[in-house]
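Next come two complexes, and both contain chain A; in the first it sits with chain B, in the second with chain C.
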Partner chain A sequence: MQQVSIAVDIFIQQILNGLSIASVITLIAIGVTLIFGLTGIINFAHGEFLMIGGIVTWLAVSAGLGFALAVVLAILAVGLMGYVLERGLFRFTLERPTNGFIVSLGLIVVLQHVVVLFWNPNQKSIPRPLTTVWEVGGVRIASVRVMVILITIAVVALSFRMITASRYGRALRASVEDRDTAALMGIPVRRYITGVFVLGSALAGLGGALLIALFPITPFTGGTMVMKGFAVALIGGLGNIYGAVAAGLILGIVEGFSAGYGFSQWTDAYSFVLMILVLIVRPHGLFGGTSGPRMAS
Partner chain B sequence: MKTVLKLAASAALCLGAFARPALAEDNIVKIGVVAAESGSFVSAGHTLPAGVGLAVKQINDAGGFKVGGKTYKLEMVKRDDRTDIATAIAATQELVRDVKVQAIFGSETHDFTLAMAKITQPAKIIHFAGNSTLAKILTPDSVKPGGEDHYLFQSEPQEFQRSGSTARGVLTLLEPLLGFKPKKSVMIVGNDATGQFLSSYYFKALKAEGQDVPDIIFYPPDTTDFSPFLTRAKSLNPDIIHFWYNGDSTLTALPQALELGAAKSYFLFGVDPGIWKEKQLSADVPVAMSCVPVCWGESSNPKAKTYFDAYFAAGAPHGVTSSVSLLYHDYVHFLVEAWQKADSFDPDKTVEALLSLHHQGVVSDDLTFNPTHQVTHATEVCAAAPGGDISCSMQQPPAEAPKS
Partner chain C sequence: MSIAPKALRSLLPVLVILALIALVPLASPSNRFLSLAISAGINVIALYGLSVLFGQTGILSMGHAALVGVGAYASAILARDFGVGFWLALPVAAIASAVFAMIVGIPSLRVGGHHFVIMTFAFGQLVAIVLTNGGDYTGAATGLDLTDHVTLFDADMTDLTRYYLMVVAFVTAAAVASWAIIHSSYGRTLRAIRENEKLAASLGINVGRHKIGAFVVSGVFAGISGVLLAYFLGHISPSQFSSFPSIYLALMVMIGGARLIEGPLAGGILVAFLPEVLNLDPVQSRIVYGVCLIAVIMLLPDGLIGGIVRALRGLFAGKPKPETERETAPSEARQ
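Moving on to the complex of A and B:
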């Protein structure tokens, strides 16, 4: 009986483990999926946006600011960076999204090395903003993980609300559906593109701030996270925000269980095998996605 | 005809200049370093140029060294391999063929070293690698004159020695802090070539010390969320979880392990007590740490403090694995001593001298290479009690590998 109880505790613990990392990945995936849906640009540097968010949080906390203020700064800084990069780089690639993809690959190296140049390549970490650990039965629940999950739920709910119920959301969805027609209807699509870039970047900034609250980061953390972010976006369906959230949860749980019960060294492989299977069976993802913006050639 | 002769003479002069050996230029001897100064192995990687650079400065500040009646100074030429094997190979080719170094130090990664040796050995370049894992290629046949690895030297003890001394030290230091003899161990290991290779030795070393090891849990490199792996380890109710072997990953995993209450005690391979203190880490259970080979934050080695004071004063950051620098620093001095003894830079004479010398280094007062070009010395292990007190001891390696 005690053995069964321990097994149940371990099972619940693995679900909780999966949910917290799923939260950060979901934040990346939403940004990736929104930017792709509207611009067709596959921004592989999105992971570096997340890393910059973590670095800003680290700098702010190291300077003596509280974690909450550091999170706000990370969101603003990365949002601003997204604005500058969209205006300065990506807007020139809108007609040829492949060029945007190549630009994003270059940005990965540039952003990583800028961080290394100024703040060295070593791990950066901050003191845990919340240190309480609750023990319920045999399950340990770290308050910092609960915080990450709750913030993500709140942000995702807000994003849903904005996209589904507001005038701006409807215009955004119309632009994703057909960019040229939306423009003909008077929607300022170019401004929406900038706005989505800023929103996606800000979410990555938030993801970075939450990530460094959980684990140390390095200038190279973004690469690993963005791969998972893209896997989630593809499993859910590129351009589909609901899909990104659902796939984020699926991926988090799959990773937790594969590490806990399967061949642990293949943890990352399970996620990508899942992605490959989904793309074969449902090329537009589990929940349907777009092939990028529709526009006149 | 005169013009033709002038052209021919100019061409000959140019060719002569290109063919000139590197050490003729202002009596400077170039030594190369290939290490990960970026990428996932940066923590250990940046200690290589720092350790070699310090030795170069010490030798040059002392006036250089004499060979064949001439005084020479050293110049370090370093290349970042970006934790990428193709970059390491390209860097080695450049250092050997273009820069024309006399010796190469690196890399910190086993398989990178194997690839580099394919370039350094045919070119007769003395090559020091701080890997514990070269036993398979450093055989009596391969290191004999004319053998394919005659100029390759392993500047870290063999893995059965390091694993053996580490396992013994960890268990010895943790037992009094736990208040009972630990019996069950779980290993958590990075799933790369080095992790797979090293873990097999450490597993055998733990078994040789009487440990029950029900699972070795491998995690993908670059993992940051260790909670699923730790939860799996917790389900086995271990007395000790051994984090083996990447210091950065270990520091990421430990707070998560403490949160989960995954074990009664922990061992962090390659984490220096100095980092433990600097990061103000604490644990409610005993935590053992080991350094490769000597710790900088707390040490039982009398020479360690002087070395690390100079090392950090030269600008090297306080790192998880700063002590790895000692796997290279001592061997720059060793190599210079060998050149002086041979009174020549001839690689064959240098190898002969290296094999005959007993060098007084920081790591040991009696550094020697065995006939298969491998060094032997003790490893330092420390343990932090739940109250924060840290105690350390040098653990001598076992004489023989445990029978599997």
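Moving on to the complex of A and C:
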């Protein structure tokens, strides 16, 4: 009996750990999938957006600001960065998404090393914003993980609501479906593209702030995280937000379990293996995605 | 397969440049210069493979360093477990990388278009993870040592100057091979796929098989480059072949320009020597590479060499000729 209850403890613990990491990955995946769905650009630098969100949080907390304020700053800063990069660079690659992808490769290198240049390549961490650990029937629940999960659920629910129920959301979905026709219907598609870049970047900024609340980060954290974000976006079907959330849950649980049951050195491999397998069986993802925007060519 | 004399003329500048490069040891350069040049040359060999894939076929691989790694590890394991030397390791490693490219290529190209890039990236990461977790067989995170000497006709090639000349010879072979591919009917087939996949398919070209074929060819170049790298460094580790080295390889080939035969040579040399010339530390030089890449893509879509060629033509002809090969990015096949 004792044995069984310990197993259940570990089980619940791992689900919680997995879900908190999955939250951050889902936040990236939504940004990746939205930007791809509307523009066809595979923005590999999205992980660096996340990393910068974490760095901004770290700077703000180190400067004596509270965590909540730091999160807001991270969201604003990365959102602004997304705006500047879209207006300055990605706007010009809309007709050739492959060039947009190559530009994002350049951005990865630049953003990482600018951070290294100013704030050295070492690990950065902040004191946990919430230190309470609840004990519920032998299960130790770190409140900070619960906070990360709840914030993500709230933000994702809000985004869903916005996309499914508001008129802006409808216009956005119409633009994803068919950019040219949407433009003919009077939807300012270009402005929506900018908007999606800003929204995706802001979500990555939030993800970075939440990530640094859980783990220390380095200027190179973005690389692994973006690959997981892409894995999730592809497993769910590129361009499909529901798919991204569902796939994020699957991956989070798989990773949580593998870390809990002694295969931790392979944790980073699961997302890739899962993605490769899913794409071989269902090239458009588990839940069906778009193959990018249709464009008059 | 006959090659027009006009095509031969396009090979000439590269051969002249390479001949000049081979004369460099006469100026008794420093060991540091020679080491840098050797690393650059080894990269250039891999870049020629990447240029066949990206420049001719229009598919971009983000896992090219992993293919180099397969070659490097193959040669190190062959030397350790079977006592196989450099010259026999070359073809074996080239085949190993080519087979690996095929294994990666078949599922990756099935999903097509946008997904291919991400798949190759994932495979690259997987290779690094597998090598790290491979225990004693792959030497885990510390990697493997390879202290055997390379001998040619009883001469020890491990001396820096000799190794340099040998690498130059290999670069020349790679350049000629890639030139031969570009000007063969096979190269034309690949370009047809790049320009319009659907049209190529409707002409009876087996698009999938040719794409995988181009990937396999790029693997052969990568494998040879890997053997040269392993014997040059004497020590290899998984981090050298993860996804970031792949990004740098892609960056080099795009800065140089993937379609012209001078492109990979220029890209490899430029990226290796830029920090020396501008006296930058590694962090600064990487920022410069990134900015260069973005600038090249936005401003000179043919790469640096393509841009220079066009500028020269503009200067001599008064107005730029309409180029047959104008865009860096492949025109994408719409599903």
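By definition in this document, the second predicted complex is superposed on the first by the 294 of 297 C-alpha atoms of A that agree within 3 Å, B and C clash if a C-alpha of one lies under 4 Å from a C-alpha of the other, contacts with A are read in each partner's own complex, and residues count from 1 in each chain.
The rule we apply is simple: a residue touches a chain if its C-beta (ideal position, glycine included) is under 8 Å from a C-beta of that chain, and two chains touch if they have at least 3 such contacts.
Since we're looking at a predicted model, the values are computed, not measured.
Undergrad: Would chain B and chain C fit next to each other on chain A once aligned, or clash?
TA: After superposition on chain A, which the two structures share, chain B runs into chain C.
Undergrad: Look at A:Arg170 in the shared chain and tell me whether it touches chain B only, chain C only, both, or neither; answer first, second, both or neither.
TA: Touch status of A:Arg170: no partner.
Undergrad: Touch check for A:Val273: first (chain B), second (chain C), both, or neither?
TA: second
Undergrad: Based on the superposed arrangement, let me know which partner A:Leu105 touches: chain B (first), chain C (second), both, or neither?
TA: It touches chain C, and chain B stays clear.
Undergrad: After lining up the shared chain so the two structures overlap, which partner does A:Leu214 touch, if you call chain B first and chain C second: first, second, both or neither?
TA: first
Undergrad: Is A:Arg161 contacted by the first partner chain B, the second partner chain C, both or neither?
TA: neither
Undergrad: Between chain B (first) and chain C (second), which, if any, makes contact with A:Gly18: first, second, both or neither?
TA: In the superposed model, A:Gly18 contacts chain B only, not chain C.
Undergrad: So, does A:Arg190 touch the first partner chain B, the second partner chain C, both, or neither?
TA: Neither chain B nor chain C is touched by A:Arg190.
Undergrad: Can A:Pro283 be said to touch chain B (first), chain C (second), both, or neither?
TA: Second partner only, chain C.
Undergrad: One more residue to check, A:Phe230. First (chain B), second (chain C), both or neither?
TA: Once the two structures are laid over each other on A, A:Phe230 reaches chain C alone.
Undergrad: Of the stretches 94-102, 130-138, 310-318 or 328-336, which one in chain B hits chain C?
TA: 94-102
Undergrad: Please report the chain A residues shared by its interface with chain B and its interface with chain C.
TA: 112-113, 116, 223, 265-266, 268
Undergrad: For the complex, which residues does chain C have touching chain A?
TA: Going through chain C, the ones touching chain A are 60, 107, 110-115, 117-119, 121-123, 125-126, 129-130, 132-133, 243-244, 247-248, 250-251, 254, 283-284, 286-287, 289-294, 297-298, 301, 327-332, 334-335.
Undergrad: Can you list the residues on chain A that touch chain C in the complex?
TA: 36, 40, 42, 89, 92-93, 96-99, 101-103, 105-110, 112-114, 116-117, 223, 227, 230-231, 234, 238, 265-266, 268-269, 272-273, 275-276, 279-280, 283, 291-292, 294-295, 297
Undergrad: Note which residues of chain A are touching chain B in the complex, please.
TA: Touch list, chain A to chain B: 6-7, 10, 13-14, 17-18, 20-21, 112-113, 116, 120-123, 125, 128, 133, 140, 142, 211, 214-221, 223-224, 255-261, 264-268.
Undergrad: Residues of chain B touching chain A in their complex?
TA: Touch residues, chain B against chain A: 37-40, 42-43, 46, 191, 217-220, 222-225, 227-229, 231-232, 234-235, 248, 251-252, 255-256, 259-261, 279, 317, 319.
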